[in-house]
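In the two complexes that follow, chain A is the common piece, with chain B as its partner first and chain C second.
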Partner chain A sequence: MSADVTKVDQAGEPVGGAASGTTPPTPSGPPVGGAASRREGGIAGFLNGPVGRNAGLVLALVLLVIVGIITAGDRFASPENALTILRLGSVIGVVSVGMTFVISGGGIDLSVGAIVALSSVWATTVATQTMAANYHWIVMVIAALVVGAVCGLVNGVLIAYGRMAPFIATLAMLAAARGLAEIIAKRRTQIIRDRGFIEFFGGSVLGIPVLVIMFAIVAVVGWVLLNRTTFGRRTLAIGGNPEAARLAGIRVQRQTMYLYILLGVACGIAAVMIMARTTTGTSTHGTLYELDAIAAVVIGGTLLSGGRGTIVGTVLGVLIFTTLTNVFTLNNLDTSTQAVAKGAIIVAAVLLQQRVSRTRSG
Partner chain B sequence: MTNVVKRFPGVVALGGVDLDVQPGEVHCLLGQNGAGKSTLIKVLAGVHEPNEGTIEWAGEPVTLHHPQAAMDLGVATMYQELDLVEGLSVAENIFLGHEPTRFGFSQRTAARREAAALLARLGHPEISPSVEVGTLSAASCQIVSMARALSRDAQLIVMDEPSAVLDAGEVKQLFRVIAEVTGQGVAVVYISHRLEEIREIGDRVTVLKDGKTVATGLDAKTTPTQELIRLMTGRSIEYVFPPKPEVVVDAEPVLRVEGLARAGEFASVTFDVRPGEVVGLAGLVGSGRSEVVETIFGARKATSGTVSVGGKAVRGGSVAAAVAAGIGLCPEERKSQALVLGASLASNITLATLPRFSHGGLLDGSAEVEAAEELLESLDVRPRGVHRESRTLSGGNQQKVVLARWLLRGCKVLLLDEPTRGVDVGARSEIYALIRRLTDEGVAVVVVSSEIPEVLGLSNRVLVLADRTVRHEGPADELDEHAVLDIILKGDAA
Partner chain C sequence: MSASLSRPTKRVAVLAIALSSALVAAGCTSNDPATTPAASTQQTGSDAVSDNDAPGKKVVIGFSGPAADHGWLAAVNKSAQDEAKKYSDIELKSAEGTNDASLQISQIETFINDKVDAIVLLPTDGAALTEVATKAMQAGIPVINVDREFSSPFAARATVLGDNYGMGVSAGTYACKIVKDKNIANPVIAEIAGIDALPLTQDRSKGFADALKACNQTVDNRVAAEFTVESGEKQASNLLQAAPKIDVLWNHDDDQGVGVMAALDQANRHEMAFIGGAGSANAMRWIQEGKMEATVIYPPTQAADGIKLARLIAQGKGLSDLVQVEVPNRIVLNAPVVTKENVEQYLPLGFES
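== the complex of A and B ==
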């Protein structure tokens, strides 16, 4: 962490110098053009770079931590609280990693919260739990993953082959999946009775909660998938220019469908995690996850229009939001104030992103 | 306007254009594709600002730095792609941007009434002002566009190929309207490829070639056709084409296209290409040439007909199938169809070849970069740098990147749609040389170009398309630019 901070400071040095140099447009000799473009590259260029963008997020996180330490002292700066933050962020984090793929691929998914709810309910029905009791709790996990994948498949088919706007198709899924969850659960909270399930997912390995480990695994796999595989490359290509991707022989429709299935599976995993955390399955799980996930992805630096995605940014975005919630909670501030602060962060991040795309096109 | 120059990065689109238009005249602009007509129109409409030269309006020098400035002066432009909002009504479209208002509320009844009056004046009272534009025919849209120009009290109406989408009766109607507005002192700049139309309604003609005025103020009625064609052709810059590849006459064709057709776009096209041969498709914009290559490539689904490579039929309507069969396409619109602009050169180059660099789905990044670097070097792409974003390159270098994608893949058939559009002179010769290198390796090449000399200079055989059908097929050596234009223009006249 401290290494990152120093990096920011060092890089910040020339930035400041360049900024002050910009004020008078010095009409001096031949290198003006070069100097000007370098100056252009100053602040913007630094922040635009992959390192710079993440450094900005790390900086934001560090500021939040400092605020936390000042206002809440030891209650904030303890290993237990750090794990609390990570545990809190892990569920939405898994969804956000999946969302990064869909958004990088030029889409959007509003139904993630509803899919989480439906998966959790389906995995905790009497029938599923009885089967789990007879065999193994893994049945519940499989149920959640399959439900998530099928919902994603429906989204993907509607969008890729039915040519529906992602916004509309997933809006429909949002309504339908949440409704179906209510029907199945009869609006009741289903308690998980299987001790094995709760002990496994609620436990810790070497002091680290299993939920946090799951988030870490999902994030690492997501990073590799997006940055180091043909799957990831195709995702960025169809998000960046679907027509060019198509004319290069990439099966754009199929790839689009895969992205929604992938996110559906991520929602299934998130459902398992939320079930473990609350020991329940209910149709109210995952409420407003779509907004939290999209917000985390966007402030992380993934382009909402597609073509560029960053898993590291998304993870940092999740951590920023979760830390914010934690700091506010420790200071006994209500959720309304939190919401306002979240809104401000999103606006700031998007404004920064716009500047980035302007410099790129300009 | 005098000596107007417009430069874009890497190309000079207009290199000194003079044009004067009198009140009440129909001034025709003639020129081949790429002669600079569209750029000239955009300068007139205030979309592009000229780098040099002056524009005078009624004797006063003016600068048009914004479309609104041009409209305020009284210049209205009817673009080739109509710029109507489909979801709005006819009346709303006509008054878009200058709605009649009172206390900030739009006066819908007044707008509808005035729109109806304008449409009646144009001889089309049957178009209802309240109907949605999206439901109208192409000809009716043209009339609405015209009504919009009149609603702004335009003194000069620029029409970019208005007749392209109209049938004979509708063209007559359009001419009647043009005659009426010019009778009221409005000037019209009329662009068309159809010489007989120019004869019919034109007063004077200005000919553009390679972004320059080659003749202005010619009499539209009496200047001989041969003279006009001569002015349009004969390039000032002669490109050097590499010697044409020798083709083994009795070799089995690599690509065979039989009876390929697409409803509304082109009718039955049949040809084959042998290994190492270049077949050119000549024709004007809208003749169906791009549609033909895109259909061969599976990007459009054929209504009928077959494509086969090496004797094996290629499943239609699937780009992936065409690519698997060994076909590659460098599409017409480099930026919107070929490149992922925000992605690096390396990933653009390997886009069609990803499986080759993957082991069980994992990409071998360094092998990818290495392959890309090698290609960038051999094609002399500048500035080099595999991680550079492709949007930062000039047109010629971007085109090389697109070519590199297919070179890496190793195609049997390469379809090149406008390979040198927006490409500067130096890069052009390099691309020509590259095409030659490919044919030496036995690749079958299909070249589409608006520039007739380019098609003739590169190809062994040429197909001339006009009005969405093949008008002529024959060896390139037996044709010259005149002959091809003749086939195209006479074909249009039919």
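== the complex of A and C ==
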């Protein structure tokens, strides 16, 4: 199993220096893992590019699209429907991009849904909304981002400096953040009165919904951060082998903390998006996001044990799940059938992905 | 600490604390919308002329309900508490709301040990609580079963039920009326259900389908949400893509309806007659504004009714408007349709989601 994994790493994405073993990465050094040297033109370049590396996922998505077109025709293939799929995928997409960093850094975060709920509630309290009415709706956005970042900071400090297992620390945050959200909102649905906020985030630019643009920006920034910066290389290094990363001069604890703050901010952004979508803030927002995000990240090809991460794969994972729900709804199939299909897709996508990677590297 | 303060300072401090707490209290009550329905039920409660409301023997009533993680359930718990407060002869022992059946069982066991005079129970799961309710009945404590029915008739002295099937029937009948009034030839009828695994959702859907059958219609598109705003928005967005034109849309639950409305606004699709369910204050305001056609009431006052019945049973009284001297075994509440015509009448009963 682990032998396979190493092969995948060397054939594809840049990986942590720890995974390649001999050369610990230096902050100024070249990208490790040989991705740069393999980025040539022609077919080889294409195969090693985003499409080739995620061939299994692209194939799954294409199959879904074909099924959609055959069964639902124009209703599926319309631009409005494509935008609906993207809009519905954008919230969980932003969370999943953040989750990609935490997982490739060797951690996990079960509290994302609860943080989204708490941020959305905090940003829509009477007090925050009154402030927003007096100044600008940006107050609500800042509130959501700050709450997300602080939750992430608490997670990060507990895990990095308190040496708690990520699973346990974020499980505690899951319970506490949702509980606090219920207390603040008194279990009510807080409706957003500010039309400016709704119109801005609910609107479109050149026909593309603002939410989709936000998701695109987050995905691109995430890709650059993970693949083209020392921050990204440090992340993969501590995920691959924290001890080797420490010996290479990386401050493992600080980097770990940063990753959780990053994910917290992503949750804050997602909270703003869900507020715009539903025109409310409530403690029931973000239910089971942790599972949806982890599923998208893992079928995307990010190693659950850390050391390898792919933003493109995560985005494809999110799109597969969102398209699946859409195709099922267009065909009037019930939620139980959808759940079974979701399980089957996870298994199929991961198997396909492994097969493709093995043939190319073997 | 306080000993070191001089007397005038202390007096000022006490005054300040008293003032600020009065302000806080005033703030709480004025912001609390749930006080409005309570006030109105007080008025309507005096319709029947009888001495049933006169203080009688002091009774201790144990109340246990599910966690109020949803606007409707919060309203259920609140109205039960408010109702109990109106009677000087009721001492209400209220257990913390929970969604854990085993915790709720232990709450009922505590009530039995405390020898309360009656128990009002809105079970998380009717079947799971049947055993312990039967035990209470055998111990001589009358149990009033609310909303979710026990699996045995020996487990309750009286049962108060909302009518989930009837809710579907009301919605379906109203949908038929719209189709007929507007003379739509091939109407597209869509349904956004709640959590599909729950019997109550299945009952509502069955009632809806049965009522539609009466006017030779069927549900063309159906999705199931999860009683949350977010799931309502998501399912509605996909549903709108599945059906490019909808004539009648029934959404089971007004809490998730906030999300459904957001999706309709986002897609700018208001061509359909949008019917809600449960009867939240939001939905009733939409009906006033003309953004919603109607909503079907699923009364959040059931537990309050349960408390009143528990008091009557414990005091050995009957229902004053019935000739029979005992409280009936089974009361199924009506599921009326609220429209623009009668919304003023129902608005005070609407709960904030």
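The definition used in the following text is that the second predicted complex is superposed on the first by the 294 of 362 C-alpha atoms of A that agree within 3 Å, B and C clash if a C-alpha of one lies under 4 Å from a C-alpha of the other, contacts with A are read in each partner's own complex, and residues count from 1 in each chain.
We take it that a residue touches a chain if its C-beta (ideal position, glycine included) is under 8 Å from a C-beta of that chain, and two chains touch if they have at least 3 such contacts.
These numbers come from a predicted model, not from an experiment.
K.L.:
Scan A:A133 for contacts with chain B and chain C and give back first, second, both or neither.
P.N.:
neither
K.L.:
For A:L63, using the defined touch cut-off, is the partner it touches chain B, chain C, both, or neither? Pick first, second, both or neither.
P.N.:
The answer is neither, since A:L63 touches no partner chain.
K.L.:
Looking at the overlay, does A:A165 come into contact with chain B only (first), chain C only (second), both, or neither?
P.N.:
A:A165 contacts neither chain B nor chain C.
K.L.:
Which partner does A:V347 reach: the first (chain B), the second (chain C), both, or neither?
P.N.:
Neither chain B nor chain C is touched by A:V347.
K.L.:
For A:A175, decide between first (touching chain B), second (touching chain C), both and neither.
P.N.:
A:A175 contacts neither chain B nor chain C.
K.L.:
Scan A:I274 for contacts with chain B and chain C and give back first, second, both or neither.
P.N.:
The second partner, chain C, only.
K.L.:
Where does A:E80 make contact in the superposed view: on chain B (first), on chain C (second), on both, or on neither?
P.N.:
It touches chain C, and chain B stays clear.
K.L.:
With the two complexes superposed on chain A, say which partner A:L330 touches: chain B (first), chain C (second), both, or neither.
P.N.:
Only chain C is touched by A:L330; chain B is not.
K.L.:
Could you look at A:L236 and tell me whether it touches chain B, chain C, both or neither (first, second, both, neither)?
P.N.:
A:L236 sits against chain B, while chain C stays out of touch.
K.L.:
Between chain B and chain C, which makes contact with more of the residues in chain A?
P.N.:
C
K.L.:
So which positions on chain A get touched by both chain B and chain C?
P.N.:
none
K.L.:
What part of chain C is in contact with chain A in the complex they form?
P.N.:
Counting only chain C, the residues touching chain A are 31, 68-71, 74, 196, 220-224, 226, 228-235, 237-242, 244, 255, 258-259, 261-262, 265-267, 282, 352-353.
K.L.:
Which positions of chain B touch chain A when the two form their complex?
P.N.:
297, 299, 319-320, 322-324, 329, 331, 336-343, 347, 350-352, 354-355, 357-358, 361-363, 365, 389, 391, 405
K.L.:
Under the stated contact criterion, what part of chain A meets chain B in this complex?
P.N.:
Touching chain B from chain A are residues 224, 228-234, 236-237, 240-241, 243-251, 303, 307-308, 360-361.
K.L.:
What does chain A use to touch chain C in their complex?
P.N.:
Chain A residues touching chain C: 72, 75-76, 78, 80-81, 84, 87-88, 126, 182, 187-189, 191, 202, 274, 277-280, 282-287, 325-326, 329-332, 334-336.
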